[in-house]
Amino acid sequence: MLLPHLREELCKQHLELPRQGLVTWTSGNISVLDDESGLMVIKPSGLMFEELTPESMVVLDLDGKVVEGKYKPSSDTATHAYIYRHMPHVRSIIHTHSAYATAWAANNREIPCILTAMADEFGGPIPCGGFALIGGEEIGKEVVKTLTGHRSPAVILKNHGVFTIGESIKKALKAAVMCEDVAKTVHLAYQLGNPEKLEQQDIDKLYDRYTHVYGQK
Amino acid sequence: MLLPHLREELCKQHLELPRQGLVTWTSGNISVLDDESGLMVIKPSGLMFEELTPESMVVLDLDGKVVEGKYKPSSDTATHAYIYRHMPHVRSIIHTHSAYATAWAANNREIPCILTAMADEFGGPIPCGGFALIGGEEIGKEVVKTLTGHRSPAVILKNHGVFTIGESIKKALKAAVMCEDVAKTVHLAYQLGNPEKLEQQDIDKLYDRYTHVYGQK
Amino acid sequence: MLLPHLREELCKQHLELPRQGLVTWTSGNISVLDDESGLMVIKPSGLMFEELTPESMVVLDLDGKVVEGKYKPSSDTATHAYIYRHMPHVRSIIHTHSAYATAWAANNREIPCILTAMADEFGGPIPCGGFALIGGEEIGKEVVKTLTGHRSPAVILKNHGVFTIGESIKKALKAAVMCEDVAKTVHLAYQLGNPEKLEQQDIDKLYDRYTHVYGQK
Amino acid sequence: MLLPHLREELCKQHLELPRQGLVTWTSGNISVLDDESGLMVIKPSGLMFEELTPESMVVLDLDGKVVEGKYKPSSDTATHAYIYRHMPHVRSIIHTHSAYATAWAANNREIPCILTAMADEFGGPIPCGGFALIGGEEIGKEVVKTLTGHRSPAVILKNHGVFTIGESIKKALKAAVMCEDVAKTVHLAYQLGNPEKLEQQDIDKLYDRYTHVYGQK
């Protein structure tokens, strides 16, 4: 079996999605890219999270052709492959319909940067891309177009949901978790009034510090 | 004891209702129809979910007459029986008062289709039927009238709650879970503004793909 | 030790309060009245729920005098005693600050009856009593005054929280759980619009059926 | 290893932050001051809560110089040290971005005192301090300036989050838990209308009673 360690890690991290309250039933998926082979591994389509096993994960090349797998891959496979082809620093992609972030997306509104925690993790607002139908490359194009030149590892897509990217599954997962967290807090803040946005120079300082000073080496 | 496997499955799936946050105390119920005998099995009235056993489930014919059971059947039995008699493809029915969906129902408003996840699972908005009193066939009539000619496996009823139907308990359960999930996200979206509805042609494409391409064979 | 079985049951049911999300830290309490001795048993003041033991419960007479107990009784003891003295059918009282119900109380607004589930359990709106300071009989007087002549086993008090009564701990607990459940759904409904109230004749029919037909004998 | 008991207690109490729903991913931290040595112990920067061990905690003097620790200390260390230096009765400090409290902070609004539970624990509204950047003493100065002369053990900071103080970790934790609890209830109350604030004389009586009568000796 190809890429047994990545399959195992991918299977394990999928369980974080329901545990963190980001997905419902079978929606949502994670993929990971293997540097050496250039192959991606992704969730099979329509399986329940608790049914997933390392063996059920599907291995594909970046044209979306299945290399190994007994199940059909996620419906979002073409999107993931497109992103990997066009954003070479990305090693993992996560897709969810997490409720608060998707509520912003349903309004075609970026999530405004009114929290230091947003400046830290996203370096500004979380941008909103346009509507695109599933199945082909349209969603991938929206993700790449919207994230290009942006610091944010998360994007929301109109009337749809969230995509996050990262140099590892853990980083993409952090972006997905923090995206829903700030989407909720910012939502609550807008129910209370019209909160002031952070100033760009403060966002820059916060993002720089979080990127270079926060955490361990 | 009649239908031991269905009783066991029905008992087990009832525990999903509190686990998924769809019910409170003793409210909510599931029934399932046995193809061969034409009998339905349903939750007993007013028992706590954790008290349920396969033996406590009640078996009835579709006129609502108890065939086997040591407990009184659910107060919603007449509704379930009416739906089975008038919608022959239905094999399972679920009733809940899940909070977000019921909030739409209290406003006598359908849940508008502003999410791709809604187009996928419900093929459009989740319709709202009129108010009806419990006890007789009135609720069943509202459910059948509202769902007939509609793609949605879920209906909300004015000032009351949710009914979902399916070809299996699992499918009816999926509809109940997804109904509350989208009811919440759409609720949040309407707190932020006036989100655009999906266009009918996009809904049609999404529904068609989800029905025929998504998942495993 | 007096009333060992009631102490044990009371201790056990207190754990339901955090499990059902009705209390935070040490707030909230349950008491129970022993028919034979006329004594009440109540939570000790300011202990964490997970610290509670049957032995830590406090036994008092209905003048609020401690009969047996190594801890000081709940700050709400005078309220509980007053209610038992003036509502002779009550055998258990529960107090919480559960969030949604308390939000209605903070607005000095009854929770309007817009759900069949409210008509079932509360027989109408959940009434709101006036503001009263803790320590003496003022809160008890508000509870008794507001509930007298009302079907509802739950009352909310202005700027404060919830009291529920019942013929048993389980019935008072059901009222506390359902009170928060409908308070949430009705809150969500009012965020979406201006929902229609149930008609009195429908409320009466629902309440009558739920009281006399629902459940097992 | 210095201060093994405080390290262990601090590690254990950190797990309460995710358990109580106050933190997401690695955000949030607790410190504790050792009376005898005058040293503080704090969470290491950027570690996941489930990774924390007593050994991973960092010991510093109140100038923020690391005395013992294999990890870099929390990014908020200078803030904690400043507070300890200027508020000599404080023995523990907690920082979170808990959602409802932070939503008030994003609006630069104090949380108004409309609940008896707020009068009890906070002795009035929860005040909101100004915006300050992380890294130096600015945040600590805002906390001290805002809390000085105030009964509240909790402060929210504009566009940022929550700081609480206490004579012990448990008391600071209680303030953090209750701050989010009342922030939620007050938020919900303001969605329903324009609730009346408690009168100052009632707040004073409630606070006095809760401080001197409530709980065990």
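By written order: A, B, C and D. Residues from 1 in each chain.
One rule holds for everything that comes next: contacts are C-beta pairs under 8 Å (C-beta built on N, C-alpha and C of every residue); 3 or more make two chains touch, one makes a residue touch a chain.
Just so it is clear, the structure is predicted and the values come from calculations on it, not from any experiment.
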(request) Select the chain at the greatest separation from chain B, using centres from the mean of Cα atoms. (result) D
(message) For chain C versus chain D, which are copies of one sequence, does the interface use mostly the same residue numbers on each side, meaning over half shared, or is it different?
(response) different
(message) Can you report the angle of the rotation that maps chain A onto chain D, using C-alpha atoms only, to the nearest 5 degrees?
(response) 90
(request) Would you kindly tell me how far, in whole Å, the mean C-alpha position of chain B lies from that of chain A? (result) 31
(message) Quick check: how many Å separate the C-alpha centres of chain B and chain D?
(response) 45
(request) Pull out every residue in chain A that's touching 2 or more other chains. (result) 191
(request) Using the touch definition up top, name the residues of chain D that touch chain A in the complex. (result) 24-27, 44-47, 71-72, 75, 97, 99-100, 102-104, 106-109, 131, 133-135, 159-161, 187, 190-191
(message) Please output the residues of chain A touching chain D within their complex, sorted ascending.
(response) 114-117, 174, 177-178, 181, 184-186, 188-189, 191-196, 198, 202, 205-206, 209, 213-217
